[in-house]
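Next up, some structures in structure tokens.
Common to both upcoming complexes is subunit A, partnered first by subunit B, then by subunit C.
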Partner chain A sequence: MLRKIVDLFTSLKLTIVCLAAGMALIFAGTLAQVHLGIHEAQQRYFQSMLVWWPAEGQSFKIPIFPGGHLIGAVLLVNLIATHTKRFRWAWKKLGIHLTHAGLIIMLAGGLFTDLFAVESHMRLERGDTKNYSEDQRHMELAVIDTADNDLDQVTAIPESVLRTGRTIDHWSLPFRIAVRNYYPNSRLQTLSQAGTGVRPIANQGPGAMIAVEAVPRTTAQDERDVPAAAIEILPKDGGSLGTWLVSDALGAPQTFSCCGRQWKIAMRTARYYKPYSVTLQKFTHEKYAGTEIPKNFASKVTLIDPERNVSRDVLIYMNHPLRYRGETFYQAGFQQDDRATILQVVHNPSFLAPYVACIIVAAGLLVQFGIHLVGFARKRRTATA
Partner chain B sequence: MPHRRSTEIIWMKIRVVFLSLVVAALAACDNKSEIKVYRVSKAPLEEEAPGQQNAIPANAPSPSMPGGMAPTTTTASVRVPPNWEPQPLSQMRQASFLVKGDKGAIADISFVSLGASAGNVLENVNRWLSQIGQPPIDEQKLNQIAQKLSTSIGDVTVVDLVGLPNDADPNKDGRIIAATTTNGTSTLFFKIRGNATLTESQKSEFIKWLSAVCNAQITNKPAQSEAMLPPSGNPQIKWQAPSGWSEVPPSSMRYASFSAGANENKIDISVITFPGEGGSDADNVNRWRQQIGLPPMTPASIATQVSELKSPDTTFSVVDMAGANARTLAAWTRRDGHVWFIKATGPNTAVEKEKSNFVKFIQSVRF
Partner chain C sequence: MKRFVPWIVLVVMAGWIGANWMPPKVDKDDVDLAKFGKLPVLVGGRAKPLDTVARNSLLIIHGKQELRLENGRTLSAIEWLVDVLFNAPVADQYPVFVVQNDEVLGLFGWEQSQRKYFSFAEFAPFLKQIEEQGDQADKLEAVQRSAYQSAILNLRNGLVLYQRLKNSVQLEGSQNFAAELKTYQANVPGAANAAAQAQRGENFDRAKLNDVAELIQKYEKISEMAYILAVPSADRSGDWHSVGDSLLHSVSTGKIHPIVFEYAQIGDAYRARDQAAFNQHVDLAANFFAKEQPNATKRTSFEFLFNRLQPFSQSMALYVLAFLLACASWLGWSRTLNRSAFYLLLLALAIHSFGLFSRMYLQERPPVTNLYSSAIFIGWGAVIVSLILERIFRDGIGAACAGAIGFVTLIIAHHLAGSGDTLEMLQAVLDTNIWLATHVVCITTGYSAMFLAGMLAIIYIVRGVFTRSLTKPTADSLARMTYGVVCFATLFSFVGTVLGGIWADQSWGRFWGWDPKENGAVLIVLWCAITLHARWGGFIRQRGLMMMAIFGNIVTSFSWFGVNMLGVGLHSYGFMQKAFPWLLGFMISQLALITIASMPLENWRSFAGERDPKDRQLPDEAVAA
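Take a look at the complex of A and B:
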């Protein structure tokens, strides 16, 4: 049995099947972007183990094709297993070994990037300072314990957990959070605007005067969903404090008291806090003379890191990102007649993998072809002699 | 030899299976579904260290710079010691200076004006202590070390703090002399931070300067109603807030928010407006009753509980509801296609104490 498994994972046929499946997946995923948008298509086709049909809105779903994670993982296993099984050290095979090692690093780097890289954005108006970036594609329910004088303790519950509809029981909270309603995308209206007969889904806070209407999820690249949920706060010693509506459309956090402490709750874009802050000093948007065609975007920012005693001005512009503490700040866009800049913040622990892999593969190919060239030249010289 | 060969094959198989499992586990990993817990500073916006003019924590309220408090009007007329070198201003700083001493010693002087909710004195003093690596203190200790300075806008609390954070340069750090005061619409911060000896030598000049800046504020202080103007685009009303109430930043659902009292006796006062009728009176009153643990009432019974209160431009309906632990005073009116709700909620005794202020507040509302 074990022998069959090893044979399967070390077979060349599996490599061919994976490469063919990868090509088919890329083709289908590219076409799907027309209707789903790039983000949703990436999620469903490439950042998944399986591609499902129908995707949502039906009571059933069946897997119809392996997803990007599965194909990539099998290909990586296939490559490593084959290399491990057939590895025999010889100088004349150095080029082959290097080339394969480069490919393994490339595939593993791709997998690590997909799993551990975090992309977020920092939006700054002139003079703004922020010590966090936000992921516009992911929301979180922030439950904030304000009891401490200096620090707020934030329990950030990802939207994906709310979506499951289960009751959340976490060690950091003296209460449970029961998700009574969840809307992946919604429109909020006051009850008077919504018309007669519409009931609120919450009985506490401003949500008690608001009607929530479910709307289809957006697939446009420049739009995002407005998720909403009704959550009931259930103290662990029994009872209920009521039901609150949470949505980032409500803006500021709502407050309540539980267990002698003041709490704040807010649905907001997922935040990634940093031990340093960034202040926008100036944003420049140059255009080619007489046209509206952009020539250059640049953000002059001040980076301040009290821990490392860093305080310096940095100019971020196209192809010249700021790299600091494992994060890279790219100039990504602007808003509000050039008054605000948008920086893309990328944390990718394996960002060097493609560079290293390319160098190793190139070195491997050079060595391999070099060995053949030298051998060929020797044979020719011998024949001539 | 055959035995050695079979052992190699077994080890090779184990390696292949182990690697397969590792890759499969990584591929199945989903780190975006974890509940995370972290702690963030709630300190108000202010600078961090000498020479770091814009070092401000971003998870704090937006800076407030009330009209009439621009640097040119508040500090330009105040005499500044000649050895204080003016520094470029940031959005946060209304005045900024650098003093240079012997052997590279420096001290940084700043004046910052923030909104009324920029933390209490103890919170700010403990934040300054943490900046120089010192442990926090309690209210009793604060009363021992704080000095009061009388100015035309009220008492200013002054503290003199000594400490050197780990790895800090003693030429640039080691002492903070800071002063703060609140005038209802804004909180003023004055700070000198730098080399301990140099800071000590500048103390008397610093105190004179901050007194002069405070005294200069009184002629430039905006009227209460101007400082509370809501964002453009909304219907606008004006009022006269009672002296004991402090305005807090409103949420997007609130037109304005106030708080009165402290700690267990704190009450929350909200002003909310919606287009349209805003539901029936009975529905609204029963919702408020439910929030403080009271059972619902019939519309006829509610009508008997509602009284009228006149303001110069309109008549408010008012209801007073008291539960076992909390009490709510609510007033509402409908005008020009909008409904306005003004509500005060808090502990029974605290609300009773503020009831007369609440009535005065309603009576002062002008459309």
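Take a look at the complex of A and C:
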């Protein structure tokens, strides 16, 4: 039995099957991008163990194809297993070993990136200073203690916790938060717009005058979901302060007082705070004379890091990102007639893997095909001689 | 005698090309349009000769680089442009606009007939209607437009371009422009003075102000309309301005830029049919540029030469001829025909290379910057590798591949050129010579090799199934070539793909984003890996290798063109819908070849006589893995 399993995982046939499945998956996934958008197709086809049909809206679903993670993992196991079992040192095989070692680094690096890389955005208008970046695809419930005038104490509850509907009890808060309703995507209307018979889900703050309607999650590239929830504040010494509606669409945080202190709550895009800050000095958007073709986008920012005694100006532009403390800032876009810049902030601990892998694999292929070529040339010479 | 045939073929063809390259004879009494066409201007962000502007504009509007009039006379692009710029009433009568869509014709109450070219004058009453309809179509994505909408939008864009051209260096209908400018120059100081007085609330001469105000209104109009930026900045900053802008600027300086004057006098002389004055002022303008903009002038006169030589059309003809000779060599007279094909290919390659390097010089870029240049480069790379194969094997196969791929890729390039300037400026993110020179060159070299492997396989299948010429040695050497070329393709595709990832990491913040173009590239790498592993594992032999190499053509063409048609992602810089049927047709033809290849070997003419028609194995040394 074990032998059979070992044989299976070290067989060349499995390699070919995986590669072919990979091709089919990539082809299907690429076509699916036309309707689903790149992000959604990527989630369903490439960053999944299995591809499901139908994907949504039905009571049943069945797996119809292995997903990218599954194929990649099997291929990785296949590669490692084959080389462990059959490894024999010979100069003639140097090329093959190098190639496959490089591929292992690349596949493992890819998997690592998928699991640990964090992408976020920093949107800055001229003169803005921020010490955090935002993740447009994830929300959080921020509970802010404003007791200290200089420093806000923020307790952030990720959207994924809200979704479970559990009552949240955190040591930093003198109250518990009960999630009464949760909408992954919603539309907010005033009660009068919504018509008669519609009841609000909250009884405190502006939410008491707003109707919430659940809508299907969006798949369009340029839209995003508007999650909403009704939360009830339950002081730990008993009783209830009422229910608030929280949603990204509401704008400014809502205020309430509890246990003798003022609190603010808001549902907002998830923030990643940094020990340093970035200030936008100037954004430039050059075009070629007499055309609309963009020639360059550049953001001049000031980077201030009190911990490390850094205070300097940096120019971030096309193909020239800023790399600082494990994070990389790229010029990603602009808004409002060039008044605001959007920087993409990426934390990817394995970004070096592809660089290393590429060199190793290229060297391996060169050696391998070089050996073929030399052998072929020698053979021909003896044949013609 | 036979020994000399290849040389004779070469000399004859070289002579033919030399004859094509002779500059056209100019009548001494005619205006010197060659010199006029070399004048540098800025269009699309790049300094280029007027001749290029003429050719590209005519290509966009008319679909061709020359114009046949109804009386049978043929106008070159620059002859057309000089009328558009200086003699609009004449140019308005030329049948330049192409309309074939019957619904568009119906819009004007015209029935579809043999005629497909129409003049501006014919559309003049309908301009507003065309504008409205075109705007509606413009709001849709290219994929959503109906044939009518695409056609009307095309027409609208053509008309807009034409009208902007007409108002580029003077307001259309101007008669005595040079005289007008002189008045303007003389009156500007007085008017400026009067304006200052008016601002201070003093008495001022209203007539002086009015003289100039009228002209300023006119110049504002041409400043808005201008397509061509013809006037280099006086401060040598490298900026260019339109004639209108320059004239408006003159209000503050009190001086009119010399080039504006020269264009005005060239135009006046042209309308007056004063050949001497025309040539004289073109000379003055040329001298001005030679002194003030020596670099731009050098480049634009080279571009003018490049336009006239049309190196890619010349080498296209040679490739076809070489392909036919190489194929004929398999039927008989092999050595001679083979050699002739080889010499012709060297000539074709030399001309092809001249074109490729000229483009690099003009653009100051690595060879591949857009879809058009990728076609040129893929052909070039494949021809070089084929010629190396031909040098080693000397059996006409490399030569046939070189001829076929060289010809087909240049034809593809020719059809990709329809959208105007093929030396366009690059989007911000592409503006890096390091990555263009490494990633893009590697990827396109990979494409070249994939198509070459596919072509070798097609030769194997066609010769094997339909002729008796696929002998065992031929089959073996074809298999060896295909195998080697697939290895080559694997190397370049892989390195190119990963370099692309690294570039993406540098500029977009992620190594891999599952963008369609990236997926297309990785499909090629995967297909190469499957082919090689299947070969090494003994799952396929000679025939299987050939079938897989042909399928490689499908994968490569999907990666090259197919993904661009999806219209998603950051790479969709070369979006084109029209080519879709061609792509589909190509893919079907390749599938048909694979089907033919899968016929039992008894049905292959080359193997029909053999008693044991088993697939042959590749020789050991080729499968050393």
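By definition in this document, the second predicted complex is superposed on the first by the 302 of 385 C-alpha atoms of A that agree within 3 Å, B and C clash if a C-alpha of one lies under 4 Å from a C-alpha of the other, contacts with A are read in each partner's own complex, and residues count from 1 in each chain.
Here, a residue touches a chain if its C-beta (ideal position, glycine included) is under 8 Å from a C-beta of that chain, and two chains touch if they have at least 3 such contacts.
Only a predicted model underlies this, so the values are computations on that prediction, with no experimental measurement involved.
Once the two complexes are overlaid on the shared chain, A:Y288 sits against subunit C while remaining clear of subunit B.
After overlaying the two complexes on the shared chain, residue contacts for A:Q136 are found with neither subunit B nor subunit C. Of the two partner chains placed by superposition, only subunit C is touched by A:Q368; subunit B is not.
In the superposed model, A:T218 makes contact with neither subunit B nor subunit C.
In the superposed pair of complexes, A:Y273 makes contact with subunit B only, with no contact to subunit C.
In the overlay built on the shared chain, the residue A:N185 is in contact with neither subunit B nor subunit C.
Using the contact criterion defined above for the overlaid structures, shared-chain residue A:A357 touches subunit C, although it does not reach subunit B.
Once the two complexes are laid over each other on the shared chain, residue contacts for A:G29 go to subunit C alone; subunit B is not touched. Overlap of the subunit B and subunit C contact sets on subunit A: empty, with no shared residue. Residues of subunit B touching subunit A in their complex: 12-13, 15-17, 19-20, 23-24, 26-29, 31-43, 45, 48-49, 51-52, 54-59, 90-91, 122-123, 126-127, 130, 136, 167-168, 249-254, 272, 274-279, 287, 290-291, 339. Per the touch definition, subunit A reaches subunit B in the complex via residues 2-3, 5-6, 9-10, 49, 69-70, 72-73, 76-77, 80-81, 84-85, 111-112, 115-116, 127-132, 138, 146, 148-158, 160-161, 168, 170, 172, 190-193, 203-204, 206, 208-209, 242, 250-254, 273, 277, 279, 281, 302, 304, 306, 309, 311. Those residues of subunit A whose C-beta lies close enough to touch subunit C in the complex are 12-13, 15-16, 19-20, 22-23, 26-27, 29-31, 33-34, 37-38, 41-42, 46, 92, 96, 106, 110, 113, 117, 119, 288-291, 293-297, 318-319, 321, 328, 330, 332, 344-346, 348, 351, 354-355, 357-358, 361-362, 365-366, 368-369, 371-373, 375-376, 379-380. Note for the complex: subunit C touches subunit A at residues 42-46, 229, 239-240, 242, 392, 424-429, 431-432, 435, 480, 484, 487-488, 490-491, 494-495, 498-499, 501-503, 505-516, 519-520, 522-523, 526-527, 529-530, 533-534, 536-537, 539, 558, 563, 566-569, 621-622, 624-625.
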